[in-house]
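Structure first, commentary second.
Order as written gives the chain letters A, B, C and D; numbering starts at 1 within each chain.
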Amino acid sequence: MIKAAIYRALAPEARQAPGLSWTNRVICVLILLSALTAILETERTLVAQAPALFPFLETLFVALFLIEYLARLYAAGMEPRYRGLKGRLRYLFSFWALVDLAAILPYFLGFVAHDNAFILRLFRLVRMLRLARLGRFSQAWHALSVALSSRAHELWLSAGVAGLLLLFSSCCLYVVEAAAQPEAFGSVPRALWWSIATLTTVGYGDVTPVTALGKVFAGLTAVAGIGLIAMPTGILAAAFSEALHRRPPSS
Amino acid sequence: MIKAAIYRALAPEARQAPGLSWTNRVICVLILLSALTAILETERTLVAQAPALFPFLETLFVALFLIEYLARLYAAGMEPRYRGLKGRLRYLFSFWALVDLAAILPYFLGFVAHDNAFILRLFRLVRMLRLARLGRFSQAWHALSVALSSRAHELWLSAGVAGLLLLFSSCCLYVVEAAAQPEAFGSVPRALWWSIATLTTVGYGDVTPVTALGKVFAGLTAVAGIGLIAMPTGILAAAFSEALHRRPPSS
Amino acid sequence: MIKAAIYRALAPEARQAPGLSWTNRVICVLILLSALTAILETERTLVAQAPALFPFLETLFVALFLIEYLARLYAAGMEPRYRGLKGRLRYLFSFWALVDLAAILPYFLGFVAHDNAFILRLFRLVRMLRLARLGRFSQAWHALSVALSSRAHELWLSAGVAGLLLLFSSCCLYVVEAAAQPEAFGSVPRALWWSIATLTTVGYGDVTPVTALGKVFAGLTAVAGIGLIAMPTGILAAAFSEALHRRPPSS
Amino acid sequence: MIKAAIYRALAPEARQAPGLSWTNRVICVLILLSALTAILETERTLVAQAPALFPFLETLFVALFLIEYLARLYAAGMEPRYRGLKGRLRYLFSFWALVDLAAILPYFLGFVAHDNAFILRLFRLVRMLRLARLGRFSQAWHALSVALSSRAHELWLSAGVAGLLLLFSSCCLYVVEAAAQPEAFGSVPRALWWSIATLTTVGYGDVTPVTALGKVFAGLTAVAGIGLIAMPTGILAAAFSEALHRRPPSS
């Protein structure tokens, strides 16, 4: 029976063996390729070299995803709750079916004329959301999120400490540097840009304090930034270590 | 009885159920909003768009905090030690009552004329101290500070190592780079600015060594900076791990 | 018997005592020196000071490595599987013998004329691959790779999270900054350069967002970067901690 | 007996109670102050404001350290091995006595005329070595160095991995960027400066790749830099965690 074969090929939950079926592996690769195409298409110099290639690839991917969508809709009937016309309608509004639809629909909306550059850029990236479809095939995120959420309280607390540090250091820099650099430190929100770059130890260097007192506060902020990295790292290290001790060490 | 109802609504310690009462949640939100207002008010371009909004909001917040202050003063009588006129006076000088007062008072002092820009900036930020009032509602800081203070000795030690490294690397750079860049490395305190930006791996790049020998020492400093991050992180990871093992793992 | 003495001196696996034989220590130093020579030879100002030195050293190292190669070929007969002419041929195509050959061969190919600067630079660095020969003498890499591969699943997962964060932040910056800075944020691949510098907290500062919205997204990216460092660090800390608990603590 | 009183006041090992005696605390403060004076003296603008202050303070500190030195020499006789003239001579050549002497001697050598700016700078910083005298009063370094040395093998291994990564990334950047930026990437040693700033995630930004291929390799290097921070941090976290488990958790 064809429907059962399609169902086994497409639904991850119908598979007995571990890992993904070959059909789903191909779909994963297609999703990644279509995201890569969407990324590369934003680069004008690449599009100029092969103007016809990107629209062609996009049409190809949408055609394949449309076939997959229809096949999934057809095979959904194997599950009791999606049987019959009413069941199919229920499937159409299930979470993953909507995600699948969201991966196809923008293509057809793309023919509507628009000439606002910002909207155009935003529109192109809607196609990147196809990557969300990969979530269907992975149970691994679950394990990670469990480890993170077990320490959620401590992580929020260190986020609170980080927020206060951020605010405090930008207030200090605002007070001592505003006169010397009104453009960069003329208000607390402006000083926040410097403060976040320093506390996270990114340190772009596009804005740096120039007064002696400003440098003293900046130095203290940079040192506090190390603590800011050390705290969540320590919490996560303890969380992962605890997760290891709960399950048998051989796994 | 109204006094008892106000007391139950305002005092976190009078509450049986976990979490904060709705009144206190509203107060927390008000504190955060008033801090946000104080932050945004420092930005001239925002004030220019709505010149009347910020003084109005400030007056509103102060009026609400004044009402809260008086309500707390009235309800404090529910606690035996704050009963009577003498008890109320004792409450007025209790730690959190003074903090509450410090959140209101600057508003009335604000009418005193001043035209020094530095004082004005400092003055605005006094309002940020209202955030300290949040401390009344949280017991969580306590848990974090216990974990930190259990490793205080090791953390101080690594701070000492960091201080010596900082001093040593700025001395090295001062010796080899002072001739090439007198403005940035002409003295040890000047070289400290570069040194702290490098050891904390912030790396602004506003000051970098240009001589070959200076680059060698800078490279060694940058590598030492990794150790400087690794040490407190390792200590904290061990401290949090230990804290987890002491209490039952299910919590 | 000379062959047995050479074998004991050269083959690490024939040694009873821990550590390396003196012959192999000398070879290790020679490998490091020849790599150092190859590095320094790329610097024109050094070559100009002593034009004859570097070709001489190179010839010397190749001569010594050739002698070592022939000695190893001769002594290989001590192992049963490399005995006889057929065994020697099998030795010639063994992994480490090919690596040894690769360390000598480029010297003789170097006489072929070429004037493409890129090829010339690539060619010089082939000599750096001699460092791979050090792998013959170390079993330590094995221990490290075991600790890493025991947590491979978690590390791949956090690499996946990192990849999605990278993509997401460069898409955000592309959308909001492309109009203001087409050179740096005009496409997603261009924005990736900024994104990777920020998420890894390197923060060169050659490209930074200038719009207010861009700075907000950049700040969020920088904060996410801390999580990105904390996650693999926590996983590795747990992995090393587990490795310690498995073996007796005295080791 | 005066000698015994001086001995109890000065020798940390003669003290029964934990912590340092008041005399030694004063000496520690003096050492820190004399180092601070030496640091501030390098800044010309400060010296210009009070030209007589710094030589006066230096003379004061040396006088006090000289008194301390002589008092220690006198009190050393309380220990059997330093008794008598021969014992005193032995004390003069003991490690800490030489360190104490090294803190005093440079002052008297300072009167020798010299006008080389480099030597002058080096000379000033010899006074910073007085900080080494603090080592006499602290047993804490010992505990830290034990924790570090217990994982010395793993730390060296990750240092080896770091070294190879450093070399590899600078070779890659040299090959692809040398043509575009001969000044910054024209040789492997030059590329090393960029490479170390990137792998340690310092990221000054004074030198960044400009070619597309260079940026790809730079991105990979930055990601490898995260691993480079994660590895020693993980190792140290495991080492500190192990150190905690060995001793009773209450300490």
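Convention: contacts are C-beta pairs under 8 Å (C-beta built on N, C-alpha and C of every residue); 3 or more make two chains touch, one makes a residue touch a chain.
Source: prediction; values computed, not measured.
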Task = Matching residue numbers in more than half of the contact pairs is the bar here; say which of A-D, C-D or B-C clears it relative to B-D.
result = C-D
Task = Have a look at A-B versus B-C and report the one with more C-beta pairs in contact.
result = A-B
Task = Report, in whole Å, the distance between the mean C-alpha point of chain B and the mean C-alpha point of chain C.
result = 44
Ask   = How far is the middle of chain A from the middle of chain B, if each middle is the mean of its Cα atoms, in Å?
value = 31
Ask   = Of all residues in chain C, which are in touch with two or more distinct other chains?
value = 201-205, 229, 233-235, 237-238, 241
Query = Which bits of chain C are touching chain D when the two form their complex?
reply = 35, 38-40, 42-44, 117-118, 121-122, 125, 128, 131, 140-141, 143-144, 162, 192-193, 196-197, 200-206, 228-229, 232-233, 235-241, 243-244, 249
Remark   = In their shared complex, chain D is touched by residues of chain A numbered 201-205, 233-234, 237, 241
Request  = Please name which positions on chain D make contact with chain C in the complex.
outcome  = 153-154, 157-158, 161, 164, 167, 171, 174-175, 178-179, 186-190, 198, 201-205, 208, 215, 219, 222-223, 225-227, 229-231, 233-235, 237-238, 241-242, 246
